[in-house]
Structures are given as structure tokens and as C-alpha cells.
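Some structures to go through are shown next.
Across the two complexes that follow, chain A remains constant while its partner is chain B and subsequently chain C.
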Partner chain A sequence: MNTLHVDIQPAHAGTLESSDAFVRVMPNDRAGVEIELESSVAEIYGDAIEASVLQTVLAMNVDRVKVMIQDKGALDFVIKARVQTALLRALGVSEPDWSTL
Partner chain B sequence: MKQKLRRSMLFVPGSNTGMVCNAFIYQPDTVMFDLEDSVALSEKDSARMMVFHALHHFTYQNIETAVRVNPLNSPFGLQDLEAVICAGADIIRLPKTDTMDDVLEMEQEIAHIENRIGREKKTLLLAAIESALGVVNAVDIARCSKRMMGIALGAEDFVRDLRTQRTKEGTELSAARNQILLAARAAKIGAFDSVFSDVKDKEGFVHEAQYIKGLGFDGKSLINPNQIPWLHKVFEPSQKEIDWAIEVCEAAKDAKEKGLGVISLDGKMVDAPVVLRAEWILDLARASGVLGEEQ
Partner chain C sequence: MVFSEVPPTSKVRRQKIREFLQSVSLEMSEDVETFVVAKEEERIVACGGLSGKVLKNIAIDESIRGEGAALSLMSELLKVAYREGRFELFLFTKPEYQEVFESCGFKYIEQAHGEVILMENSYAIEAYKKRLRKLRHSGDTVGCIVMNANPFTLGHRYLVQEACSRSDWVHLFVVKEDASFFRFEDRYRMIEAGVRDFTNLTLHEGSDYMISKATFPTYFIKDKGRINSLYTELDLAIFRHHLAPPLGITHRFVGEEPLCVVTNEYNMQMKRRLAEASEYPPIELVELKRIAEAGEPISASRVRGAMKENRWDEIARLVPQSTYRLLAAMKEEVE
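What follows is the complex of A and B.
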């Protein structure tokens, strides 16, 4: 996944159930990663969650993307799993390199 | 060799995030993440990713983890394997095992992945037998690979294959249970009974658990955390068994300290399998909380 991916399709992953997160990703006109977070713990953990999401997106070399997260009290690894699944779906990748995730 | 306790193997659907996050709290002997039948086709990728990350999480570092992957002849099986071996799963549960070729094919793929990623710890295999053909081939299945740690009965598919249905008495499963148990013991691996689906029927569950324990099974697959304490209670040794096991272990220790090749208790010779059985009972007693860790 060394190529910078800028051409993605809208996609989503996750649910709105307790302990989960619903993540939507879509192409963005602007360069970079735009993150929109809705969470009951945003005041305390919002910055940490956004930093973690940004790191996850950058590690997958995706640019010009908007990531919208509705957090329902998810653990950090759950949000990461949902963001990665949504991005793989957006990229049409079904066989990722697991050693890089 | 000391045997690991595997009384309870709790199925956790990979698509149920709440269960994936919380299953360790219930302290089953083994958490068995499921990527197969409990996961919808449209969510195979998301469940795989969730289990991949759960296996890395610190909450699952001190508990044995198994993953039921999709069959290799499905579009999902190989990706499941890649993901969960990279993530460090202890055991792969092979679904619908009909012949030893099913095991050997899975073993080959596992070895290939382990070599590629440089994993030193060998991933173990648990074969689920869910058909008449699988039961007939149970001996070959149990003995065909050094990775095999056990064979398990998958009763729901099995009874469909027999053209019957499950009953509380379990008569329809008796031939399969006996064959699976004998095959497992001949191969010196574990034998695990099927799930009990009626999660509200404690009496029926306990009755079945007592029955399969009496047959010699090591444990059961479970679908509900409420069944864990019920099952562990069934496997809890009696005080009489504990007292006997302590005596045997002390006699073995005494013989070792004195450099004696033969262990004797009350004038009778004690064989090595009896000592192993006594150690197993003490492990069960400690795990059940009826014997201190130091004893």
C-alpha cells in the first residue's frame, strides 16, 4: 500500500450498537484527511480518537478523504477496525497485506 | 505432558462487537471467535478485521484464543487464515472436516503463512466433525497432523446429515460422540462436545454436560456466557477425588525425591497415567476455586 490513494468510492462499516462505531468514508475535494467525530466522550477523548483515526488513514496512504465517525462507546481497536474496513471497501481491496494493518 | 484445561470454549461471533470486546470477562478456558456460520456474507470482511484487532488487544493476551475460519473452498477461508495467524491466534477451528485431506490442506496453508511471516509458535488445529463421513473418518482426522489439539462434534449439521433432529436425550448423537471420543483418545488429543442451543434450559444443559463428562470429553463448545459457570461446576472435582489426587501427587513427588523409579501408594504401584490423571484433577480443582494455587 505504498501508492497514495486519492480515488476512493463512498463506503461505510460498523453499526450504531453499543460498544461499536459507524464509520463512513467519502472522497473529498480538498487534500488531506478531514475527520468528523460524534461521540459522547468527545470532550475528553475526542482529540485522542481523531489522532488515532488520522494515523490509521495515513498508514493506508489515503488522501482527499472525509471520515465521519459515530462512536457508541467503542474501544480504540474497534474504531480502528471500522475505519480500516470502510477504507478497504472504499478502495475495493479484498486481500490486504495483514502485516501492515 | 501437562494437559491444558479446556472445559469451556465460548463461541463469539466476529460480527458482534460487544461480545468480541467483552468475552474475556466471562473467563472461559478458550475464547473461540467465529468468522463462519454466525457472520453474514456481507460482513465477512468486517468481522475478520474486528477479530484481527481483538487478537492483538491486551485483553486477549492471557487467554487461549481459537478462531473458526470459513472453509478453504469458500472465497473467505484463506483471507481468514492470513488475518488470524498474523494476529497470533492459538488455534484454528477447521469447520466441516470430512476427511484427513481437509486437515492436511489446512495444515499446508497454515505452514505457508507461518513461514512467510516468520511466526515461531505453531498454530494448533481443532477439527470440527459435522457429518457422517467425518465421524467415519474420525480416527484418520485425529491422527493426521501434529498440529491437531482436538476434535469436536458439530451436532447441528451432523443431525441434518443423519436425517434426524436433536433431542434432549441425545440418542441420535451417541454413535458420533463415542467414535469422536475414541478417535481423540487414540491420537492422544482433546475431545470436545457440541453446543447446547437452549440457553434458558439450565437443567437440560447440566444433564448433558454431566453425561459428556462421564463419557470422557474434555469440555464443550458454548454459545452463551451464562453456561460457563454451569459447565465449570459440572467439571469441579469432589473432595474425595481431590484428596486422592493429592495423595497420588505426593507419592509421585516422594518417589522422585528418593530417586525411585516406581511410585507406590498404600502398597500399590501407581502408573504414570494415574499420576497424570491426579494432576489433571488438581488443575480442575484449582481452576474451579476449590483448591489454592500453591497446593
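What follows is the complex of A and C.
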């Protein structure tokens, strides 16, 4: 059984450098996952990135969260890793539950 | 590029930053706490500073200018800000840099005269406006007062009383910034205690969107004579475009300023700006005469002067009993 994490602290991961993404997560007063994406490739990959971010957040069982991303053309796994790291920091956890990732 | 942090205590390194800023024709903001500097071969090529919630003195040497350098610098600067627990950040800049900062996650809020823009990285202003909308009261006359109350005097109380009697509802905002003699909490407590008997009044904690003269940066404004008017224009644009509409404010009440030239000019500019033709509804400025005691206008600075000289019998004639009690209690605490 996985418990839903709703008690998170603001946190971030990544940089604004080219091929990276700067990810911020903060508590949200609404249930669910709110994603705000700004990407240099939003027109082509925006939907795909949002879907992958959503999947990552859901896999880590985090709710009531706002994820803000400045994407500088990062590859899919980079964005995922940045989101995971930001969420781990937000939860105050140092090791992810590898089985869920 | 190698990045490092410069704390306020490091005088020598701050002097180097000052020299670098001068080389790109910027002044150093003395209120910056931590600077982030980028060096190349021991030479400063970029810097940016954190002052409360405001990013200041962001500068990049021409030799390395380009989006890459700006993004690296901002990454470092944001890291420092977030580590300090400051997640809702603001910056003032020239309109030509709007795009650069947008690519760092900042969003445009408001501008003044095509010379200064205010940006924030959270867009909390939308959430704030939504909260204000819930506090809206309908009526033909909806008044607003923005008050520092440093401390709350009989003059302030008169202003609130007049506003309440002339309006269907009044929204009273307490300036939040801690740049006054009395802390925000104490000023808020004094006002709260002093206006308890008014039934058509909402007391608001001020927000970051009532920008203070103290945080408004001046380092990139070349013409120092324009600082006051740019600040005022920006402050009033935010008020008229963002804060007044959700509350349906129709009138703003201020005290007349016979003594202070700067505030008097502010009031005059406010009168014009709040009513000038625009897509937003006009707001009428109501200037109320100051009430006097012993032939002298009652003002917060007069009370502070009397406090310094321990003239408590005079203070008792200048402030409501509720303020007097709080002042006396604070004095006891100090002693």
C-alpha cells in the first residue's frame, strides 16, 4: 500500500542551463497535480513533457502539488530526474522508493 | 565561469562588486544581503544580489553577454534565494530585459512609463486577486485606505471614521513592509484595536504588491529626479489595475500633507493617475484635512518625537486609548 503524500515543502532541482530543466514544486491548496510548463520546445513536445511529469509525480504518490518547470530543451529522462529530485527534497527524503520508479 | 557567494560581511569582495557594477554603469544597492558573482580568470564578469524577496543588481559584462551567461547566473541566484526560504521573488528591470527574465520563470506584473517593469516568479498575484474578490462588498461608494500607522494616531482614526461614514464599505490595508519604527505586527495590532467599532470595514494585511519606497530599486535609473515619479506610477498602476478591481474600489482616502513636500506630490500624482482615462474604472481621491491638537497637526512623527522625549501626557492627547495602552506596554517591555 502506498500512502498519498500531501504534506510537502517547497523545493527545487535543476538549472536554467541549456539542455537542462529548472523544476520547482510547491504545496497547492487544490487536490491533484498542477503543472505549469514553460519550454523552448513547448509547441512540439509540450504535451508529451506534461504527460511524463504527471506520470512521475503520480508514481511518487504526491498530491496537492504545483510543479513549475522551465525547460531548456532537456531530454525526457533529465526532466523526469529533476522532477523526482525536487519531489524527494520536498518530502524531505534522501532515497527514492526505487520499486515505484 | 566560476560562481561564488559574497556575504554582507565581506567588505573587500563587496568593494570589487561595486567596481564591477560601476564598469557597467550601475550603482550598488546597499540593501543587498548576499551577492552571487561569476568570475573568469579572477575577474568578475557577472553578479546578482538578493535583498529580501527582491533580486537586485543583476549585471553581466558585455564580453560574455548572451542568454547562456544570464541563465547560469540566474540559476545560482535562485538557488541561494530558495535555500534562504524565499520562494516568491520579485525583480524590477528595464522593459528590454523582460524576455531574458521570462526565460528564467519570471512573469510581468506591471510597468511604469516604459522605463521600469516589475516581475515576479510565482504569479501569486493571480491567487491574491482571487482572495480579494471573495472579500468584495457591493455598494456605490467602496473606499480604500492604505495605512502605515507608525504609530496609529487620532489622525488615522479620523481618516478611517470619515471614510467609513462616507462609504458603503471600506477596505483598510496595513503596509506590511518592516521599514518603520514600529514592526508590522505592532502597527497591525494598534490599528485593529483602534478601529474595532466600525462595522463597515475590512482590515487587510498589506501584501508584496504594495511596493514600498524602501525596496524600490534605483540603481538602474539614470535620472535620479525621476525615481519618485516612476515609483509612484508603478505603485499606483498596480493598485488601479490589480488591487482595486477585485474589490470594486471607487474611492481612495488619504490625509492631506501640509508638511511633507514628497507626500504632497505623491497625493497630487495619485489624484491624477487614479482618475485618468484608461480601460480600468476611475478611482476618486478624497483628501481629508488633518486634525490638529494644540494648533499643530497630529502626525505619527509627532508622536514618535514625543516618545523620544517621554512626553506621555502629550502622547495621550494624540493617540486613541487603545494605542496608548499598547505603547505603554511596549515601553515597559523595553525597560
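As a working rule, the second predicted complex is superposed on the first by the 100 of 101 C-alpha atoms of A that agree within 3 Å, B and C clash if a C-alpha of one lies under 4 Å from a C-alpha of the other, contacts with A are read in each partner's own complex, and residues count from 1 in each chain.
Going forward, a residue touches a chain if its C-beta (ideal position, glycine included) is under 8 Å from a C-beta of that chain, and two chains touch if they have at least 3 such contacts.
Please read these numbers as outputs of a predicted model, since none were measured by experiment.
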Clash or fit: what happens to chain B and chain C when chain A is overlaid?
fit
A:99 in the overlay: touching chain B, chain C, both, or neither? Say first, second, both or neither.
first
First, second, both or neither for A:70, with chain B first and chain C second:
second
So which one touches more of the residues on chain A, chain B or chain C?
B
Quick check for you: in the superposed arrangement, does A:22 touch first (chain B), second (chain C), both or neither?
second
So, does A:57 touch the first partner chain B, the second partner chain C, both, or neither?
neither
Using the superposed model, determine the angle chain B, chain A, chain C defined by their C-alpha centres, to the nearest 10 degrees.
120
Please work out whether A:33 is in contact with chain B alone, chain C alone, both, or neither, and reply first, second, both or neither.
neither
Which holds for A:81: it touches chain B only (first), chain C only (second), both, or neither?
first
A:13 contacts which: chain B (first), chain C (second), both, neither?
first
Once both structures are superposed, the least CA distance from chain B to chain C in Å comes to 11
State which residues of chain A lie in both footprints, the one left by chain B and the one left by chain C.
15, 17-18
Considering only the defined contacts, which chain C positions touch chain A in the complex?
68, 71-72, 74-75, 78-79, 82, 87, 102-105
Interfacial residue positions of chain A with respect to chain C in the complex
10-12, 15-18, 22, 24, 26, 38, 40, 68, 70, 72
Quick one: which bits of chain B touch chain A in the complex? Just the residue numbers, please.
17-18, 20-22, 45-46, 49-50, 52-54, 56-57, 79, 82-83, 86-87, 117
Complex contact set, residues of chain A against chain B:
13-15, 17-20, 74-75, 77-78, 80-82, 84-85, 88-89, 94-95, 98-99, 101
